[in-house]
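You will see subunit A twice below: alongside subunit B first, and alongside subunit C after that.
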Partner chain A sequence: MTETAAAAFVRSRGKMESRYRRRVFSDLVVRVIGYAVFAFMIGLLLLIVGDVALRGLAGISFGMFVTVGNTSSGGLANAIAGTWELVGTGLVFALPVGVFGALYLSEYSTRNTGGVLRLFVDILTSIPSIVLGLFGYLVLVIELNMGYSLLAGGLTLGVMMIPYIMRISEISYSNVPREMREAAFALGANSMQLSFSLLLRQARTGIMTAVLLAVSIAAGETAQLMYTALFNNDYTSSLTHQPVAYLTYVIWYSLNQPTQYAHALAYSAALILVASIFFLLLLSKYVERGR
Partner chain B sequence: MSVVIETRNLNVNSGSQQILSNVSLAVAGSAINTIVGPSGSGKSTLIRTFNRLTDLYPRLRVGGEVLFHGKSVRDYNVMELRRRIGLVFQKPNPFPMSVYDNVAFGPRLHLSLKKAEIDTLVEESLRHAGLYDEMSGNLDKNALELSGGQQQRLCIARALAVQPEVLMMDEPTSSLDPIAKSKIEDLMLLLKEEYTVVLVTHDIDQANRVSDTVKLLYNGRMVEYESPEVLRMPEYEHARQFVMKLAR
Partner chain C sequence: MIDLAWNERKPLENLFFLFTLAMALVPFAIMVILFSFLIYNAIPSMRYSGFGFFTSYIWNPGMLYENPVLVHGVLAPYRSSFGMLGFFLGTMITTALALVIAFPVSIFLSLSLNLYTPQKLRKPFSVLVELFAGIPSVVYGLWGIIVLEPVLLHSIEPWMKANLSFLPGFSGEIFSGAGIIAAGLILGIMIIPIVTAVISESMASQPRELKEGVYALGGTRWEVGKSVLLRNTKRQIVGGTLLGTGRALGETMAVLMVSGAVVNVLPSGIFSLTNTMSAQIAAALDSAFIDATGMNISALVELGVILVIISLIANLAGRAIVGRAALRGYEHD
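== the complex of A and B ==
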């Protein structure tokens, strides 16, 4: 290096140093904004959950878990059972469609077919749940003559769950490293064998996370169920032609009732729902970390 | 000396780049056929045309012919072709499952075997790859917990488990220390008794130690380094340095 070049180089060190204060300051600003957002989110969450928890806990009783009710008297047992029956039915439908749809997307589809399927799935995510409910009512309840029922409600929930399961599973499949796929192909595997002996295995935790997310979202749905499952003052034991109770309906309906007890039921139902969803989300975090 | 694999005027391009140009070569049976060449010269691409792993990259266009036992690789069922021509990759890439399941993976693709039969295959393959004594009590161990050298020998065992005729090894020792490296070199010398070995390396000393034949690939072309005129051409200066180190 010539002397002048060396001198210029050393001067640039001085310039770098003079910038430290500015950089420390801008870092501080971003940090403060970050903390503020964090505090706001925590505060909001505490407010909502705290309100539900306080009022819910005040009215909740053991009896509510074991007796059936009709939104103004009795308990929540039928609504709790119905919620999980509906979500379970939806999952039985959505899980295979989502998991295999994702396999198709990641292993078999071409740029065009894959693009079209992804677009449809994304559109599905953005359909308002009331519209899905209307579809369920017209097609499943009326046209296919299922009546207000577990099957109609479950399938409608399932339609809503598919995109979550499909897209998250697809991401999990594509996270399987290229080298590993090549290793399987180099041993003589075909795409189907690759999918079943490697991808599904590797994507287990991803699929679990997707399922838990889809389930917790589905459990909180109301609109689509009002058109397809209606409500039932008792347990539901048949797949078709028998309405189903669910917690979100109790929340929505009981809150409009004039009695103290109905209000207590609504808040208890809300608490049970929020607590279960929390539990599922925590579980999914745990599953994710266990990978 | 029998020819197992042969290429005639093999060309590979990726649209923007000519990766291999007019490569014609023969791979001899029951021998270690070594391909040397600097990084980026197309060695991996070349051997990947043998088992049609290049099919996985639609952008790569393969022209010319690759023959396996005189028949175009296109005319084989690709699953059969890949079973018969095994590949050990440049970087060890065991599956994230137990040592046992890694080795059993291949056989399970091709046959429905009883547990006892798989047990035997796994043991045999690990023995061939010189890993059995180290691993015999530990077959349930996750393959990712093995050392790099052990992982590479596991990958060799995995490739051997489907009983290939040809074993291609793409710089199998490039990520290993000298001890692990010499273990794998010893192994290659043993394996050539029963298999046709194709070895890719840019380690000339290794090529000199183990090879029966050495071919030099340079910028996607086979260099006939035995003919001195070629090497006097200025564009082969770098290749010449390679050749100088090759034992004749």
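== the complex of A and C ==
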């Protein structure tokens, strides 16, 4: 039996339609999975942040901000102060290294030297945080005899902050248009004037973004500090030979204590830390947008 | 791009040039110091344990109140023994589990960000992913202990044991909710932001014309995703996954808190308690300080050296594939 032209047309149309339906269906499947994964991630973020917020708010009190504590009793004032002291010390070390090192990479280095130096920045980012802590302990605490201290902990954090600042600064410098450099040279600027009046000025939002990012990440670190800053039941006023308290230690250590108050301390510390970090990250987004 | 020769610059300019050079050399100097100190401090352990460090899973600090013994020319505590096998397997298994979780999630997250999410919502959603990356490791650990572990212990793991026991490794005793599953899950959640960031950014940078071409031929969004986004970003997908692997390998605190941090145990199934190389360093270092021979510290340093080598391979390979441009601050653990 031979098929008429009309019948063949109808059949191929049916085939096309079923193929079309299959294509639309697979698109729908991917779309649904995509949305489901998205909803899952948002749900997870809300679950984690919500848990910290609810339990943190339930236990937190004003007294915690003004009294010192020892992870099982007292408050968090020493840990809050110590966290920012450590991050600040790290920044004092990492900021000039990052900002001026990036200036070399972007302005002076040749292809090869730049490539080699950048490789070491990449290697630096690849070192696990606990190994940086081990390094801080062996070199700073023991070899350079700083003891468990603000300087040892801060420098270890600084080592971790360098790559963030250096990489984003370098991108900011190289985004300065060639014409602006030429204009600066045409006005008789020397290389230093070019660097300070043009490049650093043009890159300042980029550097701000980098600093906020580096600070927000350093504030949440624990492993580098456990064996370089240790912990202190009081405020820290000396650069060396005096341990420092910090929030992440309280979260980790208080959780192992058997009392309800210690758990409240852990959650309050987590709440303060996460709120500060989110604030810094959103601020860095805001600064970046102003560019 | 400042290409004046040395003698064409004023002395002050040359001084400034040397200053920037010195600053650019700091990461190099830190790396030289770090590696030389780590390797120097690992030598006693290498001599004491030899190849057994890789094949044994017994980690015994020794009897610290006995007289130390002299082995292969180095002093070590009596009956001490150091083997990394348990921690190495723990690291590898939890990282693998993290990848199994993070890889599909990141792919679908990137696809839906680039194909289905309205333009207006893309920026807020990517900020959300970045906030995820900002949550500190200890907070993940805290959530893991307080929220995740009870759920795993009372609901998920018993269900898995009852219904999935035909799969290899899904048998054995359920302990406390801590262990391989908890550590793998937490690690997976932690590396999703970096893997997603790399994949999503490379998808977003695909040329408009390619996508429009597929649409013009009547392609659906998924066909654009399949034939343009996925096909052209294979390299970045591999690279992003490697960077995620690097982060998972070195992650310390969250794993220390939810893995069970056991020693002298090899994983016998997916419900086993476990431990990783990084978590072991963090957990054992303070008791290692009381060892007067220093062998305990040396053994932990050797563990650190091996961890660094493994994580360097993953990170540098990932970075070489992805290129530097796609990275902006997600990569550190």
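Convention: the second predicted complex is superposed on the first by the 251 of 291 C-alpha atoms of A that agree within 3 Å, B and C clash if a C-alpha of one lies under 4 Å from a C-alpha of the other, contacts with A are read in each partner's own complex, and residues count from 1 in each chain.
Keep this in mind: a contact is a pair of C-beta atoms (placed from the backbone, for glycine too) under 8 Å apart; a residue touches a chain by one contact, two chains touch by 3 or more.
Not measured: the values here are computed from a predicted model.
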item	value
Subunit B versus subunit C as contact partner of A:Gln202, first or second or both or neither	first
Which of subunit B and subunit C A:Val159 touches, first, second, both or neither	second
First, second, both or neither for A:Ala53, with subunit B first and subunit C second	neither
Partner contacting more residues of subunit A (subunit B vs subunit C)	C
Contacts of A:Asn190 with subunit B and subunit C, given as first, second, both or neither	both
Which of subunit B and subunit C A:Arg23 touches, first, second, both or neither	second
Which of subunit B and subunit C A:Leu255 touches, first, second, both or neither	second
Subunit A positions touched by subunit B in one structure and by subunit C in the second	181, 190
Of subunit B, residues touching subunit A in the complex	51, 53, 56, 79-83, 86-87, 89, 91, 93-97, 105-106, 108-110, 155, 158-159, 162
Residue ranges of subunit A in contact with subunit C within the complex	23-24, 26-27, 29-31, 33-35, 37-38, 40-42, 44-45, 47-49, 51-52, 55, 96-109, 116-118, 120-135, 137-139, 143, 159-160, 162-164, 166-168, 178, 181, 190-192, 194-195, 210, 213-214, 216-217, 219-223, 226-227, 248, 251-252, 255, 266-267, 270, 273-274, 277-278, 281-282, 285
Touching residues (chain side subunit C, partner subunit A) in the complex	1-2, 4, 9-10, 12-13, 16-17, 19-21, 23-28, 30-31, 33-34, 37-38, 41, 105, 108-109, 111-113, 115-117, 125, 127-132, 134-143, 145-147, 189, 192, 220-223, 225, 246, 249-253, 257, 278, 281-282, 285-286, 300-301, 304, 307-308, 311-312, 314-316, 319, 324, 327-329, 331-333
Subunit B partner contacts - residues on subunit A that touch it in the complex	177, 179-190, 193, 197-198, 201-202
